[in-house]
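Quick one: this structure, given as structure tokens, is what I'll be asking you about.
In order of appearance the chains are A, B, C and D, and numbering begins at 1 in each one.
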């Protein structure tokens, strides 16, 4: 199957290339980049020498649509708003790694992204691509809105207890910690080595655009529309996200009982690994892989649940899940091309 | 004034040496280490060559007590339980950086530390050395129990709103993130470079011995004895602690109002720097210094308060605050020898 | 084909597992560890959960030899000296990642390793497994002595000009820089995070056991037995080795001419990527992959050649090259199971 | 004494501020920045809150020259060419941390910096401020050209044996390894965290502007004008430089004899610490301090000398040595304000 990547010169794009090169059924046909078109990708990323030496092209929808079956958008906010509809019209399957098609309520999108939303028609045809949760509807869809990195870790960690109604929705607090690669390759003081190394910072408190995405899914599982608290923190590493999730329990339960719930919730989902009670996952334990590892701690003193959920932000949080969704869209086993073990240490 | 350091071969001990060497009134007279006695400290720490070339001695209470006015304990749990009383009896001022004398309730100590507690008599004479909070009683005391690193950041960040009664005590959640130096110099898989680098882990959920220390102080300010949730996380850096503190507001207030409260609470406390609204401190901004920097965010959507509090775990979280307490014990200006700016970047 | 790993609980062993799990023809049948036998590998390495959940066994040569076709030794110095001969006798192909069988002169081995050498008989049947250099003889051998990590980078960078006789052999200086994972998972002050982070150190100057290994190969290509200088440096990262190689040119040549030589020398060797003139490889550009990337700089002012050679120490410097050798031993394409792209960033 | 800093918004400027705030005789009167004038320095560097809250000004030579006794230039190449002469004319002592006045031969400057050189008149009045080497002439000068970071480490490590004539000058190879802060605060892909972390790269081979600076000093000690080889490498840390220096010995000597030479050469120079034979310094052992630590290894096999020299690039390699030179210019003890111990770990 022929594949095109729009925004191939960013870290998300490059991670798509790495994973697609190991995919048995996918062939990269087009790399698109507005800002670096005309350049060979290996000039920008010498690690791709002899692996994929392809020029980056401008986006010509007609030409690309003729050659590819699937297109991935690994683009900044706003870019896919217009383009996805065009590709869709021509029958190309679309997987959007940006946030442009994740929020079903156009007003919420406008409010958090400060942009005009996609058309209602397009949004209706789009499925939120949290693969484990929306597996069946993804299979039947034409467009997938690939989840944000934080929401992937946060929601896989939270939804089982929300669905059961075991926690008070308005008590949910998600403390997120991310590596720097999530900020992309653009130069800024926020990604400057000397500013990031030996440093932890909190950012975008109360204003992070992943907040409505998390709330939307929680609401759909709980039936309530409670606000949650989400805080983002940058830690000095390249890859990895941990979400430490806190929630008040409605009734006392033990760690074992909650762990059992998670084991059974994710029984048929090979990319979610629920740890035994007492064992908590570390971000490095999923490095480079499509796993989401989850650990559970119920605290009797406080009657509060703590859930630790980790992913590689560029794999399960972006390119890996996008390929998982491509597999589902095409009716392949969802693990196709994604079975690489985490790289450790 | 003559000073001795018990446990001089650990990171806390070495940081005491660095800071005491810049102190105008203190002179290091004795370095004690049980495990490395007989060795010159510069063999263990070549960075001290030509700065302090002194042999580590076994602890001989009589001999040391004759020569020094103040003794610092930078020792593992249990060591100062016996020794502090002996030095105290001989009239030596004692500053205990370990956790052995922090908890006023012996039963709580036994429960969390799994050791026999100090005698009630000694505990009664000991002041909890959170310098900004207990300034006056420290001045009059003979022993100071220097706070833990996490509690220092957590409590300086929390106590102003707890004192005012603006938050629900049982809603307090503290998400702590620390550098590796807090674990000391002992070799273990938990401090192995290849295991820590590019990794974030949560540890000791619900069982960290700093929990009762935080609860004790919050209770003394609120009058309640509510349990709080505290989670510890290891991030890949050497120094620095951030506590991200969450609490439900009883009544809606703005970030500006809370920031004003903190500004006025810490008005006469030069080591606490409260940031303007919208500005959040990073750990590197206090690196190597005795500052605690605090930033405030009130979220209207959730009616929840988020406080970000950062320190250098080895300075304000250990050796620096210990010297600040030594200054107070001796009636000196509390900033004496501690005015060095953070090292940046 | 059935495979066993002796020393499976170290970083080399775990990297073998990662790569073998992606190999189409290999199946892991036995994991052996003396110190942690009885434990499931996932207890030691939770990242392997659901990927390889196998107990570590004691080494029972008969039992293992019956079940496997190939055995990898990822063991400390001295361990394979005895064991390899036993497995060999039973017809098992042996690939030794330790240094025990690399030096053809038993006296040199004794001198640098301070141990009794392997028998002359075994050494005679063993091929030095620098795959690109000894490809044909590896195919015909029964035992492969897998090269050291530094020698792999150093020799692939040096041998083409040595073979041509373009440089003075006694002028060769190799400045090696390695990440920490090369030191293994054993706890020590030398691998303690707080000691390694923000730090560079030189170590084992003039005494590193990789020196005779490098000299042996250079001598075999040059016909001389000149001593070379090799220095090892530890830099604060987990994976990666760079060798910066200096040598005086006998006659002036340009960077372009030397680059051409390397291109043609490595024409049929897919894992060596020679960069265009003016482009120098970085360690991260081979991270997690089996590539060795080489860049060339001839300096007219000094008539000296500088060569920069990088590998991932755990892949091309250990487990990856071992599998490349396994492929050669079995007559498979040497890239089988090793085509994964570097993980970037 | 009143002090002004031109280029105060860079890392060199900020390190000058940190050190000058601890200096008993210096008072910061002016902070100048072209690009950020009008901003308070604490907006750019929150770690300076309550320490130095001063607005950055445009450079008005007359106004500044009236108020200050000494001016530091922490500026990009080219800036001080014009300004230093103006300040000098008005009797202000000038310390130039840039490379604009280091090379005595204007043609060499033009060739390596691609700029018009300073006037011969100004260059004649300028002393190269390698404090240990030119101590007496610095005391009598009006302008000091503060050495580059690499040359400081390289030359303090090399000059004793060059002066004695023990090594072949044309055999000298200097392999430099630096942290990222040397590249300043400017955003670029070369300082992007995700590109630098877990990475080592070589850069500017044969073209680094520090090469003529090193050669100029070696020539002045040896009487020859041999070319040397210098290679720069970026390693993933913020601060620190190590130069590993290789040179062929004219006659065999032992490590002990060379170490003795260095001990006696630096006998009266408190900031150079020569390690005992067998002990090699690490960059972290001088972190934040003005020390240069040196270790010696003579290799009998190769008759080659290896010297390891480390500094903190922002202290002894920039701001610290500048203040050491200010001390000398003013007849103060050279250690004034610079006695802080390295911060470890």
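By definition in this document, a contact is a pair of C-beta atoms (placed from the backbone, for glycine too) under 8 Å apart; a residue touches a chain by one contact, two chains touch by 3 or more.
Just so you know, these numbers come straight off a predicted model, no measurement behind them.
J.: Would you pick out the chains that touch subunit C and also touch subunit D?
T.: Both subunit C and subunit D are touched by A, B, going by the contact rule given at the top.
J.: With centres defined as the mean of C-alpha atoms, identify the chain lying farthest from subunit D.
T.: Farthest from subunit D by mean C-alpha position: A.
J.: So which one's got more C-beta contacts, B-D or B-C?
T.: Output for the comparison: B-D.
J.: Indicate the whole-number Å distance between the mean C-alpha point of subunit A and the mean C-alpha point of subunit B.
T.: Roughly 38 Å separates the two chain centres.
J.: Roughly how far is subunit B from subunit C, going centre to centre by Cα mean, in whole Å?
T.: That gives a centre separation of 46 Å.
J.: I'd like the Å distance between the centres of subunit B and subunit D, where a centre is the mean of that chain's Cα atoms.
T.: 36
J.: Identify all positions of subunit D at which a residue touches two or more other chains, and write them in rising order.
T.: Residues 11, 181, 185, 194-195, 197-198, 236-239, 282, 284, 287, 345 of subunit D each touch two or more of the other chains.
J.: If you look only at subunit C, which of its residues touch subunit B in the complex?
T.: 11, 180-181, 185, 187-189, 191-198, 236-238
J.: Note which residues of subunit D are touching subunit C in the complex, please.
T.: Touch residues, subunit D against subunit C: 170, 173, 175, 177, 179, 194-195, 197-203, 205-206, 227-229, 231, 233, 235-240, 242, 244, 246, 280, 282-284, 287, 295, 297, 299, 301-302, 304, 306, 308, 310, 345.
J.: Hey, which residues of subunit A end up touching subunit C in the complex?
T.: For subunit A paired with subunit C, touching residues are 11, 14, 17-18, 21-22, 45-52, 181, 185, 197-198, 238-239, 270, 273, 275, 279, 281-282, 284-289, 293, 339-345.
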